[in-house]
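Listed next: structures, encoded as C-alpha cells.
Each of the two complexes below includes subunit A, the first together with subunit B, the second together with subunit C.
Up next, the complex of A and B:
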C-alpha cells in the first residue's frame, strides 16, 4: 500500500497550489536592512526592543568577561582601583597630549582584554567623538569663546544684524575654542572607553567584589546584587506582558488605547515589584538571613595579570604626568 | 539627562556628591524606621522598578512614543525618601553595569535626578493635590510634579555645566570642560525640557497616576498630610508668584534706587569713589548682572525676561537656604 502523502494526484483530485505571493521568501527584517528602517516601531515594539537591548548588553558583557585576556585575569580589586585612577587622571588632565596618551592606553587595554578592536574603536571612539563633536562644535567658534582666530568661517561685515540680534563682524574658529572642544571630545571618548572596558571585562559579581574592596558597604553591595538580578526579572515581566498583548489585540495601539496600555503596564509592573519584594523578604527570613553578606570568588585571578595591569596603569599615569 | 564623564570637572562632581550625601543619609534612616527590616528587598525591587519603568514607552500625541525619567512617579508611588534611594541605586547601576552616565559624574547625576527631581516632584504633588483632591486635581498635581521635577533637574544640570567655563579655564582662556557658559547652557537645556521633555514627563506621569488612582488609589502617596497641606502653602505660592510676575515693574522707575549706586554713579553724585567701595565693588559680580540675561540683549522683551528669571532664581535660592537652615536647626534629635 502506497503512502497517501506521496501519492500522485489523479486527474479527478483538485490540485492544491500555493499562490505565488505566499511562496515568495519574506525580506529579512534584521537591523540595517532598508525594510527594517522603513518600519516605524510602535510603542510596544520600542519597549520590547529596549528591553532586549539591555539583556543583549548584559549578555555581551558576560561573554567578554569570560574570555581569557589580561584584563579578565586581573583581580577585580586591582582592576577597579586601576580604572578609577585612570578615569580620574582623564578628568584631571588639562591638555591634549595627556588625553591622547590615555586614549592610546585604552586601545592597548582593549587589545589586552581580547575585545574586537574595530568594534571597540567604532562604538566608544568614533561614535563618542562624533556626538561630542556635534555638541561642542559651536563652542569652538568666536561666537562662544573669543580668542585667537585660526580660520575665518564667515565674514558678516560691520553692523550686520539678524533681526533684532547684532552679529559680530566675522565668525572664526578660535585656537582656545578648538583646543577646549578637542579636549572635551578626547576626554569623553577616553572616559567612556575606560568605563566600557571595566564593565565588559568584569562580571557584575566580580565588579561588586572590587567595589567592596574600595569600601562599598556590604549591604549596598547586596542591594546592587538584588537590583541587578531583579531588573532582568522585571524586564521579563514587561516582555511577557507586551508579547501577550501583541498576540491578542489587533489594532487599537494608537492614541488613548495605547496610552491606557502603557499606564496599565506600569501599574502591573509596580504591583509585581511590590509582591516580589515581599516574597524575597520572606525567603530571606526563611533562610535565616541575618544581614551578613559574603561575596564568593567565582573566578581565580592571576597575580601576574594583576601586577601587569597595575604596572601598565602606573606607566600610563607616569606618562600623563610627564606630558601634562 | 545623564551627564557623562568629561563635561564636569572632578571638583564639581565631588561637591555635588557631598551635597547628595546628607539627603541619602536621611533617606536611609527614614526608611529603616518605616520598613520593619524588609528595607533591602523593598529598595532593590523599587530600584529595579525605577530602571525598568524608564523603558516603558507610551504613545504621545505627535504619533511617536516616549518614556518618562520616572522621578515624579517614584516619588508619588514610593514617597520622597524611597524615591531618592531607588533613583540613586538605579543611576548607580546604569553607570556601573551599563556604562550610562559617567562614574565620576555619578555624584552630579544623583544630585540632579536622584535627589532634586524626586524632592521637587513630591513637594509639588503635595502642594497641588491638597488634602482631599478630586481626580482632576490629583492628575494635575501628578502631571505638574512630572513637569516641574524634570525641569528642576534640567536647570540644575544646565547650571552645573554652565559654571564650568566660568570656574575652570586655562590661563589663555581655553575652557577645560564644558565650553558653554550659563547664558548659553541654561536656555539650550531649558528650551528642550520646557517644550519637549517636560510635557512628555507630565503626560506619562499623569497617565500612570491616573490609572493607579482608578484601580487602586491606596497605592499613591497620601496627599497633604499635616504640614505640607495646600491650605498652608497655596497663599505663599500665590503671593510669591505674583511678586515674581510684578518684578519687571522696576523697569518703569527712572534712575537708580537710593543707596544702590554703582561706583561710577556715586562718583557723578559726590565727586569721588570711597576707597573701600572701590576695592570691594569688583570682587563679586552676580550670575545675572543688573538682572539681565546676556543672550537676550537687544531682543524685544529681553529685559522683562531677565527680571523674571532673576526673581525666580532669587526665590529658589532663598527657599533652598531656608530649607537647609531649617533642617540643620530643627531636625529631630534622637537620644540613644
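Up next, the complex of A and C:
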C-alpha cells in the first residue's frame, strides 16, 4: 500500500497570513448611493426572465394535466387523434360558421378539462385574435382586397395622389376583406386553442405515448423527454451564473461586456451539458436502460372519457360539415 | 449462472483507470467484496472513489486489470449479452453523487418506476414498488412533483428510492450524505441499517468518517496517489489518526480535537 511521507501537524507550523488589503475597511456610503434609480434590464436579464416564465407555464401545465377532467382522463392516443382531426378541420374550413362552431367546441372542451376559462380565453382567444388581427388588418381594407365597402375609413377624394401613386377615392373596410380577415383570425385562435388544450391536459409522457401511436420514433420521443427534463436544470445554472456575474460587476453593463458574458456562459453551459449528458446516460444504463424506454402508465385512461371525447369530436366535425 | 457458491460479489485485480489518457483515477487497485459486507470507501476528493464505484457498476472499464462480479468477468462484451445485462443491472444499484444526473424523468413517480419498468416488471408490481418506496423514504407528497423543483435532500431521497425499487443485492453509494440536513442524514442511516439487516452488500464512498463508523464494518482507504492505503476493520482505520491525516481525511483542527 502507498504511504507517502506527509508529516502530522505540529505546534511550530506557521499560521496562515492573509493579504493586508483584505483588512482594509470600506469607505462609508456617500449620499448618491441611496438615490432610487430605475433598473433597466439588459438583454441577458430579459432573456432569463422570459425563460423563467416558460418554466412557470410548464409547471402550470403539468398541474392542469393532473386535474380530474374529461380531457385528462381520455387516453392519450384518442386525444392526439381527435385533436389532430379538429386541427385539420380548422385548417381546411372555408367559412366563418364552421370555424365559429369549432372555436365554440374548444371552449366547451376547455370547460370539460377543468381549465380556468377566463385565462384560457384570454391567452388563446383574445391575444391570438388581437395579434392576428393586426397582421390581417391591411387585407381587410379596399387597399388590398377591393369589394363591397362596409365602413369608410378615409375619403381621399376623386383625384388623390401620393407622389407618383394614384390613391383610391376612399379607404374602406370591405365585406370580402372583413370575412377573409375574420376567417384567418378565427382559424388561428381555434388552432392555438386546440394545441393548448392538448398540451396542457396531457402529461409529457402521455403525450409521447399518444404521438408514438402515430409513429413517432422512440428515440425522438426520448430526446424530447430528456430535453424537457433538463432544460430546467440548465436554466437554473444560467440563472446562477448570471446572478454571480451581477454580484461581481461594479460598473455599468455595456453591450460589449454583456456579449462577452453571453459567450462565456454559452461555453461553460456547453461543457456542463456535455458532462451532465454523459452522467445521465450512465445513470440510465445503471437502471436497466438498453436503448428503448419502457413507459410507465401512471394514470389509467378512462374508456368512457375517451369515448365521450371521440363522440364530441365526431359531433363537431359533423357540425362543420353541415354548416360549411 | 447466479448460484450462491461462496464466490465474492466483486473481485478487482490491479485495476488502473486513466481519464483522457493522462489523468490517473485508479493506479492499481485490488479488492474483494463478499456478499453481505458493508464497506466504506474512504478517501479525499479526487482519489478515485467514484471511479471505482462506476467500475464496479459496469459503467466504466479499466485500462488494465480485471473486474469480476458474481463470478463473471465485467467487460463490455459480457454486458452486451442481454440476459447478463438484465441480471447485473437488477442486482447492482448505484446512487450517483450528482442527483441531477440521476433524476431524468418528468415526475418523481415516473423516476422511481423507471428501473422496474425497464427490467420488465408487470405494471401492478411497478406501481406497488413505487408506493412502497415513496412510503419508505417519506416522500409520498412528492410523487407528482418534477425533480428540478426539489431540494437537494429530497432529490437524494428520490434517487435512493429509484435505485432501491429494483431490489438490488448490492448497493453502491457515492457520497450519499453530502449536502443533507441532519434529519435526512439520520433517515438515510436508518435505511442503510435496515438494508444491512436484510443482508444487502453495501459499498459507501465517502469522506464522512462518522457515516463510515455507523454503517461499515470494513474500511478501504484510497490515497491521493489513487492506491489502496488501508483495507481492514473500520474501528482500526478510524483509530489511526496519523493515517487519517496523511490520507487527507481529517485536518489540523480534528487532529487537535478528534471527535471519533
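The rule we apply is simple: the second predicted complex is superposed on the first by the 266 of 324 C-alpha atoms of A that agree within 3 Å, B and C clash if a C-alpha of one lies under 4 Å from a C-alpha of the other, contacts with A are read in each partner's own complex, and residues count from 1 in each chain.
Assume a residue touches a chain if its C-beta (ideal position, glycine included) is under 8 Å from a C-beta of that chain, and two chains touch if they have at least 3 such contacts.
Predicted, not measured: the structure shown is a model, and the values here were computed from it.
When the two structures are aligned on the shared chain, A:150 is found in touch with neither subunit B nor subunit C.
When the two structures are aligned on the shared chain, A:274 is found in touch with subunit B, with no touch to subunit C.
When both complexes are overlaid on chain A, the residue A:191 reaches subunit B alone and has no touch with subunit C.
Touch criterion met: A:87 reaches subunit B, while subunit C stays clear of it.
Of the two partner chains, neither subunit B nor subunit C is touched by A:121. Counting the residues of subunit A that each partner touches, subunit B and subunit C differ, and the larger count belongs to B. In the superposed model, A:136 lies in contact with subunit B only, and not with subunit C. Applying the stated contact rule after C-alpha superposition, one finds that A:323 touches neither subunit B nor subunit C. Judged by the touch definition given at the top, the superposed model places A:96 against neither subunit B nor subunit C.
Within the superposed three-chain model, A:203 lies in touch with subunit C and out of touch with subunit B [touch as defined at top]. Subunit A uses residues 204, 226, 228, 230, 233, 276, 280, 284 to touch subunit B in one structure and subunit C in the other. Of all the residues in subunit A, the ones that touch subunit B in their complex are 42-44, 46-47, 50-51, 54, 57-58, 61, 84, 87-88, 90-92, 94, 132, 136, 139-140, 144-145, 147, 164-166, 175-177, 179-181, 183-184, 187-188, 190-192, 195-196, 199, 204, 207, 211, 219, 222-224, 226-228, 230-231, 233-235, 238, 253-255, 258-260, 262-267, 269-271, 273-274, 276-278, 280-281, 284. The touching residues of subunit B, when paired with subunit A in their complex, are 4-7, 9-10, 13, 37-38, 40-49, 51-53, 55-59, 63, 65, 67, 73, 77, 89-90, 92-93, 95-99, 102-104, 165, 170, 172-181, 184, 204, 207-208, 210-212, 215-216, 219, 298-300. For subunit A in complex with subunit C, the touching residues are 1-4, 6, 8-9, 13, 59, 62, 66, 203-205, 225-226, 228-230, 232-233, 236, 276, 279-280, 282-290, 293-298. Those residues of subunit C that touch subunit A in the shared complex are 54, 57, 59, 82, 85-86, 89-90, 92-94, 96, 98, 100-102, 104-107, 109-110, 113-115, 117-120, 123, 126, 144, 146-149, 162-163, 166, 223-225, 227-231, 241-242, 245-246, 252, 255-256.
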